[in-house]
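These are the structures in question, set out in turn.
In what comes next, chain A is part of two complexes: it sits with chain B in the first one and with chain C in the second one.
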Partner chain A sequence: MSAVLAPLLGWSFAAAMASVPFLFPDPYLLAVLTSAGIFIIGAISLNLLLGYTGQLSLGHAAFFGLGAYASALATLGFDIAIGFGLRLRLDPQPVWVGFLSAVVVAGLFGWLLGRLAFRVRGAYFVIITICFAQVLRMVSLNWVELTQGPMALTGIPPFALWLPGQGVVELTSKPQTYWLVLGVAVLAFLIVRQIVRSRIGRALVALRENETLARSVGIRVTHYLVIATVVSAGIAGAAGSLFAHYVRIIDPDVFLFIYTVTMVIMVVTGGKGTLWGPVVGGLIFGLLPDMLRGAARPEAQWIAYGLAMILLVMFLPRGIVPAFTGLLAGRRARVVLPAAAAREAAE
Partner chain B sequence: MTVPLLQVEHVMVQIGGLVAVSDLSFMVNEGEVVSLIGPNGAGKTTAFNAITGYMRPRRGAVRFAGRDIIGLSPERIAALGLVRSFQRTSIFGACTVFDNALTALHLRGRSGLLGAFLALPGTRREEALLRGEAMAMLDFVGLAARAGLRADSLAYGEQRRLGIALAAAATPRLLLLDEPAAGLNPSETAECMALIRQLRDRGTTVLLVEHDMAMVMRISDRVVVLNQGRIIADGPPETIRQDPEVIRAYLGGAPLGGHHAAA
Partner chain C sequence: MDQALQHLVNGTVLGGTYALLGIGLTLIFGVMRVVNFTHGELYAFGAYMAYGLVSLLGLNFYLSLLLAALLGAALGAVIERVLLRPLRGADIDSVMLAMIGAALVLQNASMWAWGGVAKLVPSPFDGMPLVFGPVSVLPLRLFVLGVAVALLLAFWFLLDRTRAGIAMRATFQDPETAALMGVRVAWVGTATFAIGSGLAAAAGALLGPVFMVSPTMGDLVGLKAFAIVILGGLGNLPGAVIGGFALGYVEEFGGGFLSTEYRDAFGFLLIILVLAIRPQGLVAAKERVG
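Showing the complex of A and B:
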């Protein structure tokens, strides 16, 4: 796609998505799109790691869950014993503080994991990320004083936004929440786009393509991988925060492996290492379960997804978006080819 | 006398239990083209790995512009101005040729995360500058017409040239080339040689490992001969060609470069 056309298409897509509540004011559709949107934000963040640096994090739900818990706890407040007779106490904070603490806490853990795990690469990194999510799940299950364990954190306040002329407004209606999620998704997309198109993004891709060569031209491996993990974790944390204030109840299941797998599937089917991959994959796998709910039993659905995944990996191994753009580029290349051949012959 | 650009002193490298380089000492002066030659398995690539931080020597010292660089990471060493190319073709395959060149200019850029997020004017200026430099580099190695192609779609000879371009892009003070002419045909070898001369004329000092004796003898100011992990000769090409020990170790009798005279 040309440099002018691509952003134009992107912004019109965002505008079309923004107009959905006007065109189809169906609360069920908006609810489905909102939860799909939250997972698309997660997939966008995962894509930065999986698609651009080539590191598979199978514990991405950890950052999502951390964000959800951080945001919920900051807005609910807590009062816990931290040993030596000391207590840590936090009064309930406004929701935007919760959102920011979700980003910061997830980003901090991303930094920690990045420092630890990038000393070991490949399969070991995958294992460490899985363990990381499992450990967090165990902590959230057992640290009942802080997290209520399996009883879940309930009564999480809804999102609130300061709007000009109206003061602080609680976003309780479906369209308002939907727009908020859409806004954060657009922001996440833009952040990843800016990184990917910069010197940092080139360094990340270089590490994915050929680490030895990348180091020889002076690219600091750990530095750039940690940057990618921190940003990725921060965005996933933001998605978790949205989830917490949208669902308004959080239990240790947010750390479940299936959430990570969902995000990985979204990225892989859409096309990892492409900006639009997680959006396309996320829309498909975010909407499909709900659309098929009436037509097929859940068991049949899971089998159908399995089959769809296998077929996709067989026929479109690089994902839907690269296959599509490849088709466009291929057509153009065929048109250009005679001219290029003539030029070569003349040389 | 000024300090040599690169000093390798009594370097010993062990891989597993095997001593790959036993006692390596040589130096490279600023502005020279020096060739490191020796039969297969003599330890040439190991020497390169030890100099550029990919392997840590067991003993000895490596000094670059007077500074001890043993224990530094390859990326730190590259930042000091010592960059290498690789024996096996080494490019960023899935990226365009242009993006390859741009990535190789990493050290010339400064911009970080904030600049990228906000598209600050400084970052944009730097980006425009680097794009210009990347194109100039491709022009320099004759790959400008290939800029938009995927790097792994290039012909073998072009990939080799791109590999050299990537190492030379950030204008290092010392360039280490590991068999730049491996697998090239005579005309491509001639192009490669011309490229190395141009790089030297731009002020880059070159140390190369090479098997093509005709090329080594014609391009080098000095030749260092490595055999079984140690230096057996060090001098200008004319001297090396006549050195009896080199002839014995390296070619088993025939004078060096003689069989290539026709090429």
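Showing the complex of A and C:
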């Protein structure tokens, strides 16, 4: 696609999505699209790691869950013992503070995980990211004073936004929530696009294609990987915050591996390392379960997910978007030569 | 002190089955370069087969354990032929994704087949503990440890003293040279995956009468198997045995003296620590991070 046509198509797609509440004012459809949108934001952030750095990070639910808990706890307030007879107390904060703290907390943990996990690669990296999410899940299960454990955090307030002329209002209607999620999704898309097209993005692609070569031309590999992880974690945290204030109840299951798997399937189906991949994959796997809900049991749905993953790896390893643009462009698929990308990034 | 001795005994019993899990996983990684996400599901499969054979078909307990392990090995062989053989030569991440898909299918298939209610495999051992001075241990747990150790020894014998074992070790070291020497590498792959899966299923069948059998039991166990293998270094066989017992002791002592709630978290914290400090694993000498 040409440089002029692509953004035009992108914006018209966003506009079409924004007009859905006018064209189809069906609350069920909007609810499904809203929750799909939240996971698409997660998938967009995961794509930065999975697609552009080539690191199979399977602990992404950790950042999603951290964001959800941070946002919920900030808006509910807490009062906990932190040892030595001291207590840490926070009064309930407005929702935007919760949203920001979700981004910051998830980003900080992203930095921590990045510093730790990027000492290793390949299978070791994958396992360390899985363990990270698992430890957080156990903490959320057992630190009952803070998280209520399996009893879940309930009564989380809905989104509130300052609207011109109306002051701060709670977004309780379906279309309002939908537009908010859509807005954050567009923002996440633009942030990731900006990063990918920057020096950082070129460095990431260079090291994905050939890490040794990238190092040899002076790219600080770990430095860029940590930056990507922090940004990715921050966006996932934002998605978690949206989730918390949308469903308004959060339990330790947000850290489950299955959430990570959902996001991974979205990215891989759509096409990792493409900007539109997570959106396309996210729409498919965000809408599919609800269409199947009447027809099949939840186990059947997960079995279908598993089979889809296997078949994709076998027959469409690059995903739908590259296959589609490949068809459009014939054989003129743009190939970024690793050496060229590395040189560009090092300059 | 008495309490510590008791934890030592419990940790040893737990460590024996952990070692079984770890050694299968590490063998599969070493020979085939596959990170096997279905390992925990094969453990669950073994437990369910033991339950089905003992409770539903009324077969002899010991025979059922044997059959469960063999069925696990057969399922492993099927997975290898259907899934891994076509993906040979694909990069490690793609294979990992396919294995995650397979684990999803297996777990939800057992949820479908057996329902969500936890089950217990009946065993012929009675509940009276054997008392040795300050420590006591249930006869069933002693039996579990005995079988685990016997299986580990049998596995060592297979690998060290038989032609099949030599073929496996040769493939482990260098698949191409092994192929040139006349080893049928593809066959070794199937055999390796079947043996590793059989060991996982055996561990599940053995622990079926000790813990409850449920469809999601494989999740945590699969992750723990990774923990064990990472402690010893991926692909390091003695390391997996040491890692298995190490995790058993860490969980027992951590659960006993530090915090019962975080018992299951200790293993994962340990992995994160080990990888941060000694990425090549506790016992491996060689750098093996890539």
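Just so it is clear, the second predicted complex is superposed on the first by the 330 of 347 C-alpha atoms of A that agree within 3 Å, B and C clash if a C-alpha of one lies under 4 Å from a C-alpha of the other, contacts with A are read in each partner's own complex, and residues count from 1 in each chain.
We adopt the following convention: a residue touches a chain if its C-beta (ideal position, glycine included) is under 8 Å from a C-beta of that chain, and two chains touch if they have at least 3 such contacts.
None of the values given here were measured: they were computed from a predicted structure.
**Student:** Counting only touches as set out at the top, which of chain B and chain C does A:I227 meet: first, second, both, neither?
**Tutor:** first
**Student:** With the two complexes superposed on chain A, say which partner A:A106 touches: chain B (first), chain C (second), both, or neither.
**Tutor:** Neither partner.
**Student:** Looking at A:L180 after the superposition, I want to know if it touches chain B, chain C, both of them or none. Which is it: first, second, both, neither?
**Tutor:** Touch status of A:L180: no partner.
**Student:** Contacts for A:V135 in the overlay, against chain B (first) and chain C (second): which applies, first, second, both or neither?
**Tutor:** Only chain C is touched by A:V135; chain B is not.
**Student:** Using the superposition on chain A described above, determine whether A:A62 touches chain B (first), chain C (second), both, or neither.
**Tutor:** After superposition on chain A, A:A62 lies in contact with neither partner.
**Student:** Contacts for A:L146 in the overlay, against chain B (first) and chain C (second): which applies, first, second, both or neither?
**Tutor:** The answer is neither, since A:L146 touches no partner chain.
**Student:** One more residue to check, A:V264. First (chain B), second (chain C), both or neither?
**Tutor:** second
**Student:** Mind telling me which of the two, chain B or chain C, contacts the most residues of chain A?
**Tutor:** For chain A, the partner with the higher number of touched residues is C.
**Student:** Regarding the shared-chain residue A:V192, is it in contact with chain B (first), chain C (second), both, or neither?
**Tutor:** A:V192 sits against neither chain B nor chain C.
**Student:** Touching chain A in the complex: which residues of chain C?
**Tutor:** 29, 35, 83, 86-87, 90, 92-98, 100-105, 107-109, 111-112, 219, 223, 226-227, 230, 234, 259, 261-262, 264-265, 268-269, 271-272, 275-276, 279, 289-290
**Student:** Across the complex, what residues on chain B touch chain A?
**Tutor:** Checking each residue of chain B against chain A gives 52, 54, 73-75, 78-79, 83-86, 90-95, 99, 102-104, 106-107, 109, 111-113, 115-117, 119, 123, 126-127, 130, 166-167, 169-170.
**Student:** Where on chain A is chain B touching in the complex?
**Tutor:** Contacts found on chain A: 191, 194-195, 197-203, 205-206, 209-210, 212-221, 227, 231.
**Student:** For the complex, give me every residue of chain A touching chain C.
**Tutor:** Listed in rising order, the residues are 54, 56, 58, 116-117, 119-124, 126-128, 130-132, 134-135, 138-139, 141-142, 257, 261, 264, 268, 297, 299-300, 302-303, 305-310, 312-314, 317.
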